[in-house]
Amino acid sequence: MSADTPTGWSRDEMAKRLAQDIPDGSYVNLGIGIPELVAKYVPEGRELVYHTENGLLGMGPSPAEGEGDPELINAGKRHVTANPGASFFHHADSFAMIRGGHIDLCVLGALQVACNGDLANWSTGTADAIPAVGGAMDLVAGVRSIYVITQHCTKTGEPKLVEKCTYPLTGLGVVTRIYSELAVIDVTAQGFRLVELAPGVSFDDVQQRTGAPLLPKQ
Amino acid sequence: MINKQVASVAEALADVRDGATIMIGGFGEAGSPIELIHALIDQGARDLVVVSNNAGSGEVGLAALIKTGRVAKVVCSYPRTANSTVFPELYHAGKLELELVPQGTLAERIRAGGAGIPAFYTPSAVGTPLAEGKETRTFDGREYLMELGLKADFALIKGRAADTHGNVLYNKTARNFGPIMAMAAKTAVVQVEKVVAAGELDPETIVTPGVFVQRVVEVAHPAHESELVAQGAVYP
Amino acid sequence: MSADTPTGWSRDEMAKRLAQDIPDGSYVNLGIGIPELVAKYVPEGRELVYHTENGLLGMGPSPAEGEGDPELINAGKRHVTANPGASFFHHADSFAMIRGGHIDLCVLGALQVACNGDLANWSTGTADAIPAVGGAMDLVAGVRSIYVITQHCTKTGEPKLVEKCTYPLTGLGVVTRIYSELAVIDVTAQGFRLVELAPGVSFDDVQQRTGAPLLPKQ
Amino acid sequence: MINKQVASVAEALADVRDGATIMIGGFGEAGSPIELIHALIDQGARDLVVVSNNAGSGEVGLAALIKTGRVAKVVCSYPRTANSTVFPELYHAGKLELELVPQGTLAERIRAGGAGIPAFYTPSAVGTPLAEGKETRTFDGREYLMELGLKADFALIKGRAADTHGNVLYNKTARNFGPIMAMAAKTAVVQVEKVVAAGELDPETIVTPGVFVQRVVEVAHPAHESELVAQGAVYP
């Protein structure tokens, strides 16, 4: 891998880039971590409704410091607010929304994404880890589109976009699009296909850091 | 910006296609969305499959829709009602298929359809004629039937109030099938007496969250089936 | 059958007799017809909560003539009221109460009850009848105790309590007790067993009009 | 007459037996019935199976219960939480069995248990390690897992208000597992800030109907787990 790692987009720029692709009026579930940043960048003139699987539609931004309500939290257990038009509901109803295909888009982080859309994002499979899955398997099985937002490689430089996941799977063939600091990439029937390069990043930069063939932009 | 309100019942149902499956809320007249049903009659789609607890009475609402001959099949728990003549006539003439489903199984199949559950097991109807042809399975020594989730293209629902995000409140026992049919339909259309701005309904009291509702339409003074029937009304 | 048919209890007396057997605090579903009369006779000092499967717990008496609300009805589609402590809910929740064993008692009418507890109460099986079942099959499958309240014989004098039902079944082995104008009868592992005779009615009167052996009171 | 209010959390849980299955509401600290959990610790029942979304944090509430060693098994979707040390220790020491269930499957299994549904099919977890040993079946060309309903002897739930009939209202996202756990437990015990007379709650807005609730107990000023953990509190 090249020593001159291109910088590409910052995390906030990745989130902003992803937000451009969410149609007005969508119901969106944001995973924990980088996905949460997406909510900051809804393009002017669009209205999105955020679903948090612990039981709120119409999730609003974080409250001011010290004004959080311990009983108004999101799936990441952070304090949030409720927007006008919000509703509260129990867990079976919340996952009926997810499993029943009522949520348009879910944005998740990833440990690995395979070129057939398989996702691994809940466990590294090491023996001493406490297994914990939360709602990830329900989200990928039920939400209409799954976008992954992630650093292109692990901290040690291993590609996260791979031929085949080696970590325990979250779901089979579920990811439709990936946003990394280097590029936007679609998961197609033919495998990974470039959609857009970050500024200053070349196709070869991305291919070098991707563990499966990358098809050129169409 | 999100605004699910449409201007009229006609607009709300303009895109219903022949052969569509339509869930229609209501238990007897309570919750029966008469104005939406009449709009569906005007709209003219044919070969409909109707999922509803009853089959209407008199010659208004659901009974009037059936009378048009545009309903090919009814999925229902109790098609026999006081003042119900339309259904029996077409049924006996072999012009209407009936799938009779126990009421609780009907409700659960609709909820399952909306919740992404393709099938479940229930003790209801085991050992009865309604179990014929159905798969059975024993859990903990008791026998159950496997039943399939039900989905629809449209749901026609009557609520009391809604906001522009599609959050819905109901009125007393008119709630009945509304919340689960909204879940099970691709396009859930809810007629309410009043549509308010998002934020005017208390988020703690919303019965149907807006994610399950695609269109809301104001019908400020909805008719009651029993009154229309008593008046001898006939639609259209 | 004897020409001197004993009168026994009136419909109201049957309902009153049944009401004596409902413990304080029970959740009760009343079928259409004679079962509805039971609500009039709750013994002093007891409080029952009536469930109507169309979506109301805490059903109260009929409203005054002309004051009915067409959107506040019971399963028989009659106008009712809501008592203090009532709640409204949708059909899937209502039948979750039934199927999940949360309702203590259901009182139903019958076409036939067999000595093993089989119930037929939804169809006479004639070819020209419009089949209609409503919630009966769910009630008998889910409610903890099923009491039948019925005239002992049909209008043409045929026993309704039989060895084996000939009409289409509502449920298998579900009835626990029967209240007729002649007697209270338990359905036991050994078959029908007399619990109590109506005034002026003899054991033989009841046995003559019952289509299966009647065991004496224990 | 009906009055489900009991005088204390101790009285509410006096009859929990060794080996009981206990559902405990809450998602993280929201809806965690800390006072009821502490009463269960005081009560002393052992070999418990706990069904809960998380496994607690710090050394209060659910984490404190687990620390007593009286929990034999946890059925849960996410036992890994910030400030969670009790669960990992016992789990790694082999003193605690874990059944890991996807969150939506856990919710649906609990609802099914309460609704008399012994089993259902779900697409969640198909093809993953959590599908191992589970029966699969194809409907309409898609593969699903069969999952079983879950019931419990007791449910410990936190609400906002209740009436003497056991009707319950919740607070915001603290609602989470409360309504479905009340359905699935033989004895559902709900702690609320205020118990009112029957008739004081609007029947249209009740979230958990009283038929699902056996006991309510007033805890006027419930503690919040995060505050206790920040204070370094340890129970008992």
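All chains are identified by letter, namely A, B, C and D, in their written order; residue positions are counted from 1 within each chain.
Just so we're on the same page, a contact is a pair of C-beta atoms (placed from the backbone, for glycine too) under 8 Å apart; a residue touches a chain by one contact, two chains touch by 3 or more.
Since we're looking at a predicted model, the values are computed, not measured.
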| item | value |
| --- | --- |
| Where chain A and chain B overlap in contact partners, by chain label | D |
| Longest centre-to-centre distance from chain C, chain (CA-based) | A |
| Separation of mean Cα positions, chain C and chain B [Å, integer] | 29 |
| Cα-centroid distance, chain B relative to chain D, in whole angstrom | 34 |
| Chain centre separation (chain A, chain C; CA means) in Å | 56 |
| Multi-chain contact sites of chain B, meaning residues that touch two or more partners | 108, 111, 115-117, 122-123, 170, 172, 203-204 |
| Multi-partner residues of chain A (at least 2 other chains) | 82, 88-89, 92, 95, 98-99, 141-142 |
| Contact pairs between chains, per stated definition | A-B, A-D, B-C, B-D, C-D |
| Interfacial residue positions of chain C with respect to chain D in the complex | 24-25, 27, 45-47, 49, 51, 57-58, 82-89, 92-93, 95-103, 141-142 |
| Contact set on chain D toward chain B in their complex | 108, 112, 115-123, 137, 139-140, 142, 144, 148, 169-170, 172, 202-205 |
| Chain D - residues contacting chain C, complex | 1-2, 111, 113-117, 163-165, 167, 183, 197-199, 203-204, 206, 209-212 |
| Complex contacts: residues of chain D adjacent to chain A | 27-31, 53, 77-82, 87-88, 91-92, 98, 100-108, 110-111, 122-130, 170-180, 207, 224-227 |
| Chain B contact footprint on chain C (complex, rising order) | 52-56, 69-74, 77, 82, 88-92, 94-95, 98-99, 123, 128, 130-138, 141-142, 168-172 |
